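Look at the two complexes coming up: subunit A is in both, with subunit B in one and subunit C in the other.
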Partner chain A sequence: MAKKRSKFLMIWVITAVVCLFLFLKYASPKIFQVLMAKDHTMPTPSTLMMWYMIMGVLAGLVYATTSNQKFADFLGFLLPGGGPIIKILLQKMLFVGFPVLVGWFVYSWSIPGAASPVELRIQHPTLPQEFEKRENPFRQTDAETQRKCIEEGKILFQTYCRPCHGSKADGNGPFANSFRLRPINFQDPGTIATVVDNYLFWRIKEGGPGLPSESTPWDSAMPSWKDDLKDDEIWKIIMGEYDTAGVMPRQREKLE
Partner chain B sequence: MIKAFKRVLVGLGLVVVTTSVFVVRSEVPAHASHLFRTYKHEVPQKLSETPEAVAEGKKVYEKRCWYCHGIEGGGDGPASKTMFPKPRNFTRNEYKVRSTTFGSVPTDEDLFRIITSGIEGTAMPFWSTITETERWQVIYYVKTFNEQFKKDTAPKVVSVGSVASTPDSIKRGQELFKETKCYECHGEDGRGNGPLTVALQTEWNMPYRARDLSKAWNFKGGNAIEDIYRTISTGFNETPMGSYLEKLSDEDRWHVAHFVKSLSKDMASDVVVKVKLLEGDQLPSEPLDENWGKATPVELPLGGQILTSPRHWAPAIDAVMVRAVYNKDEIAFLVEWDDSTNKQEEVFRDAMSLQFPTKIPESLKKPYFAMGDSSGAVNLWSWKAHWGEGFGSAAEAPETVVELNAKGFKSVVPQPPESQNVSGKGIYQNGRWKVVMKRPLKTEDAKGDIQFEIGKLIPIAFAVWDGSNSDVAGQKSVSSWYYISLEKPVPKTVFVYVLIAIVMGASIEMWFVARLRRFPPKLEE
Partner chain C sequence: MNNLKILLHLPKRSGYIFVVLFFLSFFSFLSFSQEVFAADAPVEAAKEAASPGIELPQFEAGQPPATATQTAEGQPAAEAGTATAAVEEEEVGPVQYRAFFGIDSRVIVWIVSELHLMFAAFVLGVPIFAVIVEIVGFKGGDIKYDKMAKEFTKLLSAAFATTASLGGLLGFCLYGLYPEFMGHMTNVFAPTMYVYALMFFGEAFTLYGYYYSWEILKGTAFKKWFHIMLGVMLNLFGTGLMFITNSWATYMMSPAGVVPATGKLLSLSHAIYNPLWMPVNIHRLIANVCFGGFVVGAYAAVKFLGSKSEEEKAHYDWMGYVGNFIGVGALIPLPFAGYWLGREVYSTSPVMGNIMMGGAFSWTFIIQAILIGMLFIGVNYYLWLGMGRIRGSERYTKFFKYLIFVIFMCFAVWLTPHNLPLSGEERAMIGEQYHPFSKYFGVMAAKNAVVNLIILATFFSFLIYRRSNKGEMVPFSEQGKAGKIGIFSAVIFCLLMLVSYAISLNFVELEANVKVFVKPIICALYIQSFAICLAAFLTFKNKGKLGQALLFAVTACIAVLYFWYYGFQVMQKANLVLRYLSVTQVSIVMSCLIMNAIIDIFMFRKAKLVGGIEWGKMPVRSQYALLLLCVVIVILMGLMGFIRSGLRMDWHIYGILQDTSQGAYTPSLAYMGRIVGLIVALFLGLVAFVFWLAGLGDKKEKAKEHEYGEVTSSYED
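On to the complex of A and B.
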């Protein structure tokens, strides 16, 4: 058994590399979908795949050269004569397959492919100076007023922000699919939980058009609300928004 | 000897490795089904319906639901003003997605499923994010809004068997679709364009919209075959969609369900629309030209124009399908979208517009996606449908195609007559507009017109107006920036390269094998 297997070492190595490829290409996206509880597959990034494949091929070669016996067996597969019919068949497939594979690589590499758009953006640009000093007038009030402000803010949020950002502030409103730069999911701890009230005030008031160019204002579907909402309403929306999303604004660090 | 082979082998390994880089270039097929909410059927163990559970449910309701559904459950919450369709009124029995007979209230499990899954195409989110206990509690509270839940203690549930989908079944379904007059609302191709749909109004003076059966993602209560069968069997309470439990036999309802399923399609979306080269051919100028079949269609979701006042919270058109072709002189676009009627008014016209930047961007920077801005102008190709009041009427407006330039919503200027080079034509057929727009690749007006170049990514955006939805000016459905790319023809030299590669691959292989045979690896004993 062991002897028979070693005769086909080269085939086993090739099979292992092919399996690795199939795993990365088809199985891993599904596995990550389940593991990360996404409702879509998670394709392996192409550079990652490239490195995994390089490592896979090298690992195969390292394995084949671990002992002279193995290496002789590995190469011996290509020698003529002897062996069952399946060996001859596989040999022929290998001889034909290699140049075809090389040809196919060259073809897929040299046909003009459609370029993929590059859309880099900075998600949290610096807060402009004029907004730095603004303060939410309702944060310092008594608990009862705050509760009222949150409730009023939630109503405004549900009326004007919900169509894109969703009833749960999870970025899944009915219009969310229509904007390729999807509305922000405020429940995500990397979004509004990392900034202070002023920052949201700036974003709501000035919207996409008020972004600096490194944040690609031309792709942002965030409206500017300065003409339609009063400052007080915006502050209330911010309070309602944090409450709906179930996160807290970042606390300002106290200077010692 | 073995060492020499090792060296050769490692070299060969590197060749394989470098070539494998190109394996990874193949792209994932485009699909957008993951964008949409899906109807989840599983229901866990029920919580017992106690007064405590109802009291807890009230808390959940008043934290999460009332903004839309109203504090008294009347479907009139403060946020409902920016919603279409309107939130469910719980005081009436207008429940749509039920497993119970027409006019009955839904089962607790039905309510659990819909709360867990949400409803695509509406504001109803999926509440799988709150605990199962909370969901049961809120269901028990919602039931207190309507007395009927107490009266119908055990609503009759429609059983779901199954009949396999076969071409015969679909064909029979199609016949029944006709015989049962489904087309009167849903239209012959199922695009929700039947003559009755256009006439029927709800009591809030809102139009009843028959479901567009070609859009699988919008099916209320799921688009699986059992879901469609259930809807046909139970109907939607308080809508013109009645129950066919009595009118059609169990088997026939399966046939109709299979037919409806065969009409429905997923959205095949992508970011780049590939513009196909039609060598030597005349570009199609008719929407029904068969040459359009050669271009790959891309479907894009649209949303309401919410960027500037007055904002459009209730758009009627939620997707467009785009195809594009070019030859050495011209480029042509075919844009299609479903619209339940081509009825319009003089002010509210069916219309569509393509938007390009005036120049292909050289950096990341583009004009603002909604009509450009002061630092980036856009070029608009605007098509308006023919409008007429009817036969023998004097009031009429012709179909028009106008080229405009815009630098924001407030500065839109039509181009002078000598720069108008876009021609277009639209037809309305079975609930669908198909509009062709065509222009030379290059024009004289280099300042106001986009100049198309092969192989570059050229931003494009879309806007659609539905006259019957009172869409006009800023009241429209819009898209973000997408891209078109004029496909480069495959150069003949590619095949030479491939041939060389194969010959080289074969030579290396033969040399390697020959060497191997001459000096076979020997084991040192």
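On to the complex of A and C.
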């Protein structure tokens, strides 16, 4: 049995790669739809698809070359000669299928299309120096004052931010669907929990128009609030926002 | 075969690169000397006018972009008005920047400093393991270790002069092209520069003494120990040199000991021991050994590919194996050291931290992830291929497919970015910012988990490699006292590490609502301690393999699975606990590696050998794997050098002295790729040339021996 399998090593490797492709293309979008209780599938982005497929092929080749015997078996499948009828059939399929596959790739890459370009994104555009040293004045106050500020902040958040960011700060506000890119879910630990609160102060104060040029391409629809809100109000909103989302801001660490 | 020819002819081609570099240094010298001769008097006058001592010119944070007088020498001052005034301004005004024959000065400094660093990494890393190999050879009485240590040192002595030349060129470039910045650095660090020069003498003397006295200091134990002491001194001088230069480099990122507004020096010791100094010291120390190991591995690979006799092949195969072993040995703790450095960067400045991991440099970390993944895959692949030359390894080849699966899965998670490149259509289909793959794989909790699993898998590969040759074991209870003492010592060491850290976590100063999150971490440390004791107990009961498996399983469950999940929780609620979580993760994995390695050593100590290792019987592709590892580590060093230096953005000295030159912008990824690519090509070309030079002497000796042999045989005839 083992000998039979080793003679078909190339087919096993190809099968594994094809299975990976099918999983990424068809299974994972459905699985994520169910797991995340979405009303639409979550297709694997093309960039990730490409990376994962490259790794799948690489893994197959690494496996096939871990010993001279395996390598010989792997390449030996292509050699003419004896073998069961299934081998001859698979050989012919491979000789026809591989050029067709390459041709399909070339065709699909070179055919003119109207797809928008893939954009590299930067998660945290650089915080300007003048905002780095800012500190939330209400974080150092007593617990009672902080509680009061959080409550005030929550009211301000519901007044100014809820339409887009949602009443639970989960990015599901009434206006959220009107944006090409939905507002961020602040409950996600990978978002506001990863930055210090003066980062949020900058983002609220300056909004999308205040983003530096190096952060492009960026399509933030966040308005600038500097003309409408006072600094104290912004700090309170930040406190209320973290509390609403149920996360904590990244805190400055002591240097060792 | 053609590839082989190209590789063998590489040293000849690198001659062209040498000529280019020679011209570069010559022109640099000309540029510098012109400035020195032309501007001697005004500079002296300016020096007299300036206050003596260590009071520095004022550098205000947020200083506006340079005026014409500041940006480049020879440019008329904008406010001067007349040509005469411009000339006067030019003569008396301090020069802030100079150009390098129309080329961006920063690119020149970038290339030269990175080349210098790469050679320095080799020169500092190789002596560390050369001395260890020499000691192993001396204690074990195996002459081939001694020969290999000498061969390592031969490469070292050849590379040392190049390192020094590049260092000199870098100094000229910095003082010539960035005089004001270097003025600041000199004012702060002048005393350390003299120490540096003295230590350089020390390194040169001990290096050449170590190499040239190799044959002389043979014969007696005293002579050999004296020779080893020379090697140790060489390492001490080398490490000292690196620590001094690290203080200059890290001061630029996290300045301390000066008045930020004026740049006035308050404390030299604080400027040296700035917040990033020790993390960079440790990270570079380990990385140098890793770098040296892989470069030596590539040298052995080239020699193997060109070998004509079986004996030569066997020697260079063994040398390549040792190089790879050293490289992977240092590679395992490297991510931990890197994580510590990264965390301290964040602690120094959250802005710099954000730029690094989530901002302008975040994509360079994806490239870094790919390179590190390639290193681990290359290392494992080489080990698996190496098992082909060991009789008895067939028993373990069944594990390959599982290891490949685990390593590639981890690699996939490791390189998945938090922010995916998406087209508009994809964004619309996904409907939100984060695809689940990027949401769960893209954050540090996931990255830390998988890198630990890759490390565990690599260690497992190494274990099956060393077991390949071993057959029936002697029961542990019959191993004598040495085994028991060894296992007991390992248990004590691991328990001290884990339990002392768990106890210390009880006393961390955190708010009550945050401190709650520390308790599961403490619990995990105690569980691992228990698993260590259980593994030792099972070993004493002659069930060492079960003990090892149990320890692997517990470690993977805690450090990978549980901490992956718990990392998300901590990120969300109590980010301050992340630092304790990561240290715990490291401690747990390290304890597993140490304990399992010690169990393995004593369990298989007196095992019967299944068959010998047939050195030299390696497929050619294994040697290309070694070459790939070398190229990848060189690219990685080039990339990380760019990141470390580039994080300062438009500051020479972060927050104190702004870079107002024309080159003060963060290069795009494509531009960075081109420059790093050029540096890598230059380094590999130069190193091939230098090693070729080092081999010339051998050729002559071999020719002499051959001639002598012919003459002797003719007399005999």
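Just so it is clear, the second predicted complex is superposed on the first by the 147 of 256 C-alpha atoms of A that agree within 3 Å, B and C clash if a C-alpha of one lies under 4 Å from a C-alpha of the other, contacts with A are read in each partner's own complex, and residues count from 1 in each chain.
What we mean here is this: a residue touches a chain if its C-beta (ideal position, glycine included) is under 8 Å from a C-beta of that chain, and two chains touch if they have at least 3 such contacts.
Computed from a predicted structure; not experimentally measured.
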Touching partner for A:P43 - first (subunit B), second (subunit C), both, neither: both
Touched partner set for A:H165, first subunit B, second subunit C, both or neither: neither
Partner chain(s) touched by A:F105 [first = subunit B, second = subunit C, both, neither]: first
Contacts of A:S178 with subunit B and subunit C, given as first, second, both or neither: first
First, second, both or neither for A:R203, with subunit B first and subunit C second: neither
First (subunit B), second (subunit C), both or neither touched by A:K236: neither
Partner chain(s) touched by A:P117 [first = subunit B, second = subunit C, both, neither]: both
Touched partner set for A:M248, first subunit B, second subunit C, both or neither: second
Partner chain in contact with A:D188 - subunit B first, subunit C second, else both or neither: second
Interface residues of subunit A shared between complexes with subunit B and subunit C: 38, 40, 43, 46-47, 58, 65, 68, 71, 115-120, 180-181
Contact footprint of subunit A on subunit B as seen in their complex: 2, 5-6, 9-10, 13, 15-17, 19-26, 28, 32, 34-36, 38, 64, 67-68, 77-79, 81-82, 121-126, 129, 271-272, 274, 301-304, 306-309, 311, 313, 318, 364-370, 373, 376, 455-457, 477-483, 485, 487-491, 494, 497-506, 509, 512-513, 516-517, 520-524
Subunit A partner contacts - residues on subunit C that touch it in the complex: 61-62, 275, 343-344, 346-351, 354-355, 357-360, 362-363, 377, 381, 384-385, 388, 397, 400-401, 404-405, 408, 411-412, 415-416, 418-439, 442-443, 514, 568-569, 571-576, 579, 619, 621, 649, 655, 666
Complex contacts: residues of subunit A adjacent to subunit B: 21, 38-40, 43, 46-47, 49-50, 53-54, 57-58, 61, 64-65, 68-69, 71-72, 75-76, 78-80, 95, 98-103, 105-120, 154-155, 158-160, 162-164, 166-168, 170, 172-175, 177-181, 207-209, 213, 216-219, 221, 223-224, 227-228
Subunit A - residues contacting subunit C, complex: 28, 32, 35-36, 38, 40-48, 51-52, 55-56, 58-59, 62-63, 65-68, 71, 115-127, 129-130, 132, 171, 180-182, 184-185, 188-190, 193-196, 199, 214, 246-256
